[in-house]
Every structure is written in structure tokens, then in C-alpha cells.
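What follows is a set of structures for review.
You will see two complexes here that share chain A, one where it goes with chain B and one where it goes with chain C.
Coming up: the complex of A and B.
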């Protein structure tokens, strides 16, 4: 049984795509069991074809599990008696943002695009107006309400796509490589938005990504390989396991790589913090016998130094 | 090795929708020199003009102003050059106006095609452009269009396949049965098989997982070394650029704001951040360490270099065991 805290509860979840001959292919997910609490921010890593996107698609029933149990927000998605109505209600609660911003925008004006989802849900005026305005304000796109989506930058388009989901008041949003096609500033815009939705609005976040730096921002990192969960822990814990990550085609962030290599030379760099530049700077300074508390001061000094 | 210009852009400007209300300057007075026999990285935010610039390199698009030289030849003078040459040819006078026009048109088309063979372009997400029945035929498409002999085509297909890690037993399979990363390699092999003097790759590793990225970039580096060609890579990943490129050009808002060796370019971290680009994570870490009093130079942009210098710092403090592992 799932405990009360768990928002997503998967138990021995399996999924196979249908092969060309109509027979099931090699399973894309094998015996996945996990619990994700309401309000958690989870990053999912795995090489191409590891099954991470398949898992995401099960969450809002774009795909149906072959076997096992999947309960999301109290709704048992693997219950064969799940009604169409329950399914619709569920999909409103779990939104998805995909990779290509151009494939997700449907209307000719930004505000119409954001209104598309809630309008289809039958949200009446003036509630609809209020939701659209709030969603655009949340992602910082209010001033673009009357703009044409195709004239926006990639990061802005993704933020509009996110607003369209927020307007449906979801409990959980799944980002499936949503920053892969964006430039660095676009990525930052989207990542800041994700973090804000999680911290300030309590929305449960699943971010599927190939960028290790992005994963380091999450509370928890799950590594999927060959359809099974290989690791599950805090970013610091996961990035300590460099060799295992490499073996499945992944890498650790550059700063973690540095720490691992210095350790290989026998330099004592024990402790937490390997997943972020700030944490690594702390590890190195402590080992060099430099004052560790320089954190804030150092950051200020940097501004005036040059 | 001596530096030689392969491509030179001189005061190049390009405008989309000229004369319409949507007129937009995509390139504004860009002057850039791209070296032969090295890897040049082009970075810039979305809409900075990178892709527009790539399309100018083989005459696919023509600049509104300025010149594009390939080995010193102005590639946008094909038309006038051909006309000029024909006027002086003895057979010109004997041909009917119609026949002459036809022959001149054919000659212009031939030379423009030749430019496309010399400067090979791999667009973003090239795997969507595969169309042949087999992987082999897809890679052979370019060399076939060049009018090469079947033997030559065959050897080029196999060579290009080896360069990108396309395995021999894929060659007879349909490209649509391959995974995304495999298709990407087939698409890149298709351009390499034309043996271009300049290979341009627009975001070649987009969407690949870390292992796939590393593998692809290493193969591109090996290709560059072996062919001694000029390779141009457009990418958003500063880490990859710092790792694999010899020279780097930075575009912002349609203008070229930096160009030079990667050492030079990555020493301007403030400017890179100002224009919305990232700096490599390792450079960020070095900056934090400097702020806390660790003696390090500012322009460290690869993990190798950071490891080397930090080992020295630890050795000085007697905190690094002599010799060490690895």
C-alpha cells in the first residue's frame, strides 16, 4: 500500500512497446517500484532509450502499463475500471512539457494559447481570464499576452507552454527534456521557473534531462538504466558514484569530475557538496586549510575585485 | 603549424524580409576569419545569427552586403565570373543566343553545386532528412551526386561510416530502424562522404546523452585530424566548445563580439555572461576558488587544466601525497 505522503506510487511497474510483428518488444520498463512525495523536485537521468520518457508517459496515461501498479494523486491508473471521467481529471492534475517548443503552441496569440487547456475543461469566465492572467504572471510573460507565439524566443515559448499547464492548476508537472533545444539563457529561464513552481507553489516536479547540472538542482535524482532504477538519492549521493554512472553512458558534472580526479591523486576531499560549484569550492578550501566561511564574503569580493 | 585562412567573411550583413514591416537584421557587419585545418566553434544565443551565417558559407544564401571568400575566392561572383569567361571563349560567337544561355546556366549551376560539395553543411537534427531505403544508399547519396565512380562511392561510404561509427551491419538496414543517435551518425556520414574541405555542423550533439555526445565529438575531432579539413561547430554547450574547439567565434544580436583562440575567448567570462551565454562549470568553480583566496589563473576552462593546477596548490601545502594515482 502507498503511504499517505506518497504522491506517485509505482509498484513492480512494467511496460513493453508493441513490436512490428504485433508481439511485445523487449520491455522498456522492468519492475519499477518507487514513491515520490507530494511537493518533491525529482530529476530523472538515463541514456537515450533507457526508459525514462516511457515512465513519464505512463504518469499521465499517454501509455498504459503492461503490468504492475501505478497510483498518482490517489488515482489508481492501473485499475481496469478507471473511467474516462477519472482519467480526464487525472490528466488535468499531471501536466507535461515536451522538448520542442514549436510543437506545443497551438493558438495565434499567447493568451489564447494559455487559455486553450482550461477552456477545454469548461472553465467559465471570468475565472478563465483570471487563471490565464495568473499563469502568465507566474512565468513572467504578462507583457507578451497579446504577442504571437511564433515570434518569441525558445525560452519564452517554453514558458508559455508551462503557463498553459499552470492554468489547468496541476499538482504535478513532468518536463521531458524541455530545455534540450534552448540556448543557455533560455535554459536558465525555464529552470528558474521550474524551481519557483516547486518552491512557491508546491507543485511536484519531475525533470527528465541529459544535463547533469540541471539534475544537481533537484532534491532527488533517479537514474534509470535499461528500464530499471539504478540509483535513487540526493544529487550529492548520486554524483559520488561516478564509475557506475559512466558504465551506463552518463557523466558527472564538471565540478564533481574534478573532485573525483583530485581524490584519485590521494588528496583528501571528503564530505558533501560534490554536485554544485559552491559545494566543491567548499570541499577544496577546507582541504587547503582556507577559511570555509568565506562563502558570502567571497562572493561579494568577487563583484568588486575586478 | 602555420595558420591559414580557409573562409573569410568581410563586413557581411544579412537581412530577412527586407522592405517589409518584419524586416530583421540577422547579421550586421560581421568580419570573421576561419582557419584551415582546425576546429572552429561558433557560439551565440538563439537568434544571434549563427545559422544565418552558416547558410552563407556555401552560397545557399547571399549576403546583403559584404563578401564571403573561400580560399580567397569570392563565392558570390560565380555568375559574373562565368559570364566573363564565356564572353572570351571562341565558341561563344558560334552559338545561338539560346544555346549560349543554356550552356552558361549549366556552368553556373555546376559551379554552385561544386561549392556545396566543398563546404558540407550538416543541419540541426539531420536525422529527419534521411530518406533512402538503406543506410548505405543514404550515405552514398552525396558522392553519387558528385558523379563519382561506383568504386570511389563505395570506398567513400565505408570510410565515412567508419569515421562516425556507423557499423558495417547497419549499412543494409533501413535508416528508420535505427535509434535517434544512430541516425544522427548516418546523416553526418552522408556529408563526410563528400569529403568537403569545410565541414559545418549545426548543434551536432543536440538531444544525445552524455556518452553519445562525447563519442560523437571525439569522432569529429579524429575526422578533422585525419582529413586536415576545416571543421565548424555551432553549439550552445560551452563545456563542449571549451573541450573540443581550437578557435571560437561569438555572435550576439547579429554582431560578432569575440573571435580568437579558445584561451582568448574563454578569458572574457564577464562578456560571455553578459550576452546570455554560460561559462563552463569548471570556470565558475575556479572563480569561486579565486574569490576565497586560492591562487589560480582566471582562464581555466577544462577539467584537465584545473586538476593539474589544483594538484600543484595541494602539493605546495603538503596536502597532496607525492606521486599519486592515475
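Coming up: the complex of A and C.
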């Protein structure tokens, strides 16, 4: 590891898909350099075709970088001498949850699907049973252990997929647009699970998404456009730059949009907090001369509602 | 559509349902061997009795079992007619002058044939299709045939493919319906016309279905890779099958039954084939 602090370290990373004629296509990733620390919760934003999913696939060696350096959790994925065992050890530590919940569940019963990863790793009984039960409890799907996956809702299926990753005891989980096919309640279920995994289990999270409200929940937002990093910072910082985001086809969250419009009317709304409704409420309260506590209360109420 | 049932599994709580699937497979095979051992009337009487007892034990409704015979009615009729008309024996039933001669032996043979096929089917139904889920059966086959891995038979791979196929049947059924509805909405007609016309109408259903199945397969392969799948080597199992005393007892019982049939044959009571 070049830097003890960073869990994911990318240096001048490039990737091109192979075109129809065998020649490399337009690069999907150009010269991406970034560092992500252990335990961070990072959202990667970008519109379709921006290269964000390509980046995710590189992290697990589903795709191999064309050039550059990529070190994840101490494993150099761009090392040409990476062995099969090293890759397997790496994949255990960096789990991946995909977009379509149906296409990533392997077994015909929920608990057997959760067991699939640890089974592959050769985890013996009774440890295996314990891991499956714990993983199902973590995502709140214990009562569905004996169900068939195709009878579950989208959010539930995605939680089962997450449990399948957790049972491998990963250090990092990459969510590749895992909420894109879910309805709002399913999205809420998955997002709550993601946050809990990050806060309570210290798992490094990379959430690749094009939903702004989702990105606002992360500690850090990286915006990718046309294969390179456009912005990298706290959600508040990123959503301050509304015009730039617009220029690349992205919209800021509605609450941030409201603040931006109010500012356009000349209302002084300086300060941080435009990425979440609670923060925005606080900003507006301050501008109106109301005690900030009003915003806090609202935040608490929002935080406890499910 | 979500309630599509795989195969013919009939959920119930019976002695046979609770048996280890491997034991069920073994018992089914041995029992089928028994049906072939039978050659005289007494044996067949005992066999029919045992089949009745098994049906009662399995708690499967009789009409369900009989339904499995429906596609075989033609074969049953055909074999019995052949047996009736072409078996030569000593007891002629028809007058000497008739061109077609029917012997008593022919009738007996036809009856034995019908009983044998019926019981054979009933036994597979009772031990396997009605009382064992396809996935349990796959597991059982994988474990029973696992010694063949030594001679490079891809036992694990075949079992894995079967279980994935089972997992995707409801998904693809649902998808077929969606595609058909989409094509209907654009004026496709799947109902009218002759066989060829209808088959042609299904082409715009199969192509998108195939392409989506390919895409699913690709994504599933990625997901399996990410979950460290690398074949059956060094894999552990969440559910390990265990033979219980009752499973062993069932196997001993069926062997004893076979031996009994063997000696009953020797007694040669009643008509012998």
C-alpha cells in the first residue's frame, strides 16, 4: 500500500472497452486518480455512460484496467502477476451488489443464497450457519430465511443480496446502482441498510448512483463525467456548484435547488447544509431569524421516522 | 404467475416427505427393480398391496397419482393389445375357427404389463416427483454421484446448472408473459392461424427472451465471480444431508421386500409369466 490511510488508491487509471473491430473504443475512464480511506462512505455520481459503473467493475477485477495503477485494500489489481487465489481473497474483502436483484441471487432459497459466498470460501459448519443467521439478522430478513427469492419484493431481494455479501465479512461493499430498479420504499430499505453497515460495522461504502438524494447521504461525493473526475468533495460543497452539475446533465437535490433559487432572489442563505432537507431547513430558519433549534427538531423527527 | 409450482411437488407432511432425498432415490430404484422381479399372480397381488400402502403413507391424493398415467393411456392400451393378440399359450379362449386367436395367457400378460407400468410410475411419483422438491432432488443426485468426480464427471457443475435453471424458471416465465403482452399491445396475434403461423408469431417472443436470458446469464456470472465461486472444489454446504435411522430402515425394508418377491416367485403360485 502506498498510503496507509487510503483503502482504494487509483493512479492515472484508464479503461477502454473493446470495440467491434477489436480496436479499443473511446476510453470509458481517462486518467482517474483518487484515494478513498478505510471506513468512508462515498457516493459516485454521474449520468448514464459517464464511466461510473466501469470504475466499479474495475474495483473487483470484473474488468481489467487498460493502464494506470489501482490498489484496493493492499492488493494491486493492476499487477499482471495477480494469482487466482489473491483475486479470490480480494473479492471476499470487496463485495459488490448489482443493479438487478434477480440476476445476482443464485440459490432457490434465501438462506442458501446468503450461504453461497461463504460456501465458496469453504467456511465450515457451524461457523457457516452462524454467519448466515447473522447476515440475515443484520439486514432484517431473518423471517424470510426459508422463502424463495422470487416471491420477495425488490427491496427485500436487494437486502438478501447484501446479506450474501455481508456473510463473506467484507471490508468494503460497492453498490453498483443497486437502488435503480427499486420503488421508493425499496430504495429506503436499501439506503438505511447501507448507512447502518457503514456506521455500525465500519464497512467502507462506495455507492454508485444517479440519484442525488442518495448521494447526499454519503460523507463524500465524487462526480464523474465523460470518464474523468469532475468534482470531489463533501455533498454540501458539490451541490453548491449547481451550474457546473447542470452543464454535465445532473440536477442538484430539490432542497439544494430551493436554496439556490432563494439565493437568486437575493435572500442571504450562506452556510453549509444544502444537501439535506434538514440542513436546508436550518439555513432558512437562520435567514428568517428563527432559532436554529427549529431545524434541529425537524431533523430529529425526520431521523426517527421510518 | 408468481405462484407457479415447479414440477409436481405436492406439499404434505408424511413419512415419505420427511425421508432423506438420497434414501428416497435409492428406495425408488430398488422398488422399481422389485416390480420387474415379479412374474406370478401372487407376487403381483403383493406388489399392488404394497403400492396401495405406499400411496396411503405418502398422503398423495389418488387422483393426482392417476393423472400421471393419462399421457400413457395410449402406450398402455397398445402394449396390452399386443400382449392379448400375440401371446401364444395353451388355453385358447376364442373358437378354433377364428383367425384372431386370444389365449388366457395373453390376458394375464396384458394385466401384468399394465400393473407393472402403473406401479412403476406410481413409485416414481410417490418417492420422487410428488414428495421431493426439485432442488432437494438435485442435491441428492449431486451427493450420490459425487464419487464420480474422481473419474472427471462434472457432477457439481451439472447440479449447479440444474439448480440455477430451477431458480430462473419463474423469472423467465414472468418475462415471457411480459414480452407477449408487449407484442400483443403492438398488434401481435398468437391465437389464430395454423401451427406454422402460430409458431412464426412466437418468433418475436423468443428472440427478446433469448437476448434477455443471455444478459441475465452474464450478470449472474459476474455476481457469482464476485462471490468467489470457483467450482465445487473446497466448497462447503449449508445444508448437509444426514441419513437417519428411519432412512436406513426404509432401505432395509425395500431390500427385504425384494428378497420376499424373489422367493414368492419361486413358489410359482397362480399364473406365471
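In this text, the second predicted complex is superposed on the first by the 293 of 306 C-alpha atoms of A that agree within 3 Å, B and C clash if a C-alpha of one lies under 4 Å from a C-alpha of the other, contacts with A are read in each partner's own complex, and residues count from 1 in each chain.
We adopt the following convention: a residue touches a chain if its C-beta (ideal position, glycine included) is under 8 Å from a C-beta of that chain, and two chains touch if they have at least 3 such contacts.
Because the structure is predicted, anything quoted here is derived from the model rather than measured.
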Joint occupancy of chain A by chain B and chain C, clash or fit: fit
Contacts of A:116 with chain B and chain C, given as first, second, both or neither: second
Superposed model, angle subtended at chain A by chain C and chain B (C-alpha, nearest 10 degrees): 70
Touching partner for A:212 - first (chain B), second (chain C), both, neither: first
First (chain B), second (chain C), both or neither touched by A:257: first
Which superposed partner A:84 touches (first chain B, second chain C, both, neither): second
Contacts of A:125 with chain B and chain C, given as first, second, both or neither: second
A:137 touches, of chain B and chain C: first, second, both or neither? neither
Which of chain B and chain C A:106 touches, first, second, both or neither: second
Chain B versus chain C - smallest C-alpha distance in the overlay, whole Å: 5
Residues of chain A that lie at the interface with chain B and also at the interface with chain C: none
Complex contacts: residues of chain A adjacent to chain B: 46-49, 99, 153-155, 177, 180-186, 210, 212-213, 246, 249-251, 253-255, 257-258, 261-262, 264-268, 277-278, 280-281, 284-285, 287-291, 294-295, 298-299, 301-302, 305-306
Contacting residues of chain C [partner chain A, same complex]: 2, 135, 163-164, 166-167, 170-171, 215-216, 219-220, 222-230, 234-240
Of chain B, residues touching chain A in the complex: 44-47, 179-181, 206-212, 214, 236, 238-239, 270, 276-278, 280-282, 284-285, 287-294, 303, 306-307, 310-311, 313-314, 317, 319-321, 324-326
In the complex, chain A residues that touch chain C: 60, 62, 84, 88, 91-92, 95-96, 98, 100, 102-109, 111-112, 115-125, 128-129, 132, 148-151, 164-165, 168
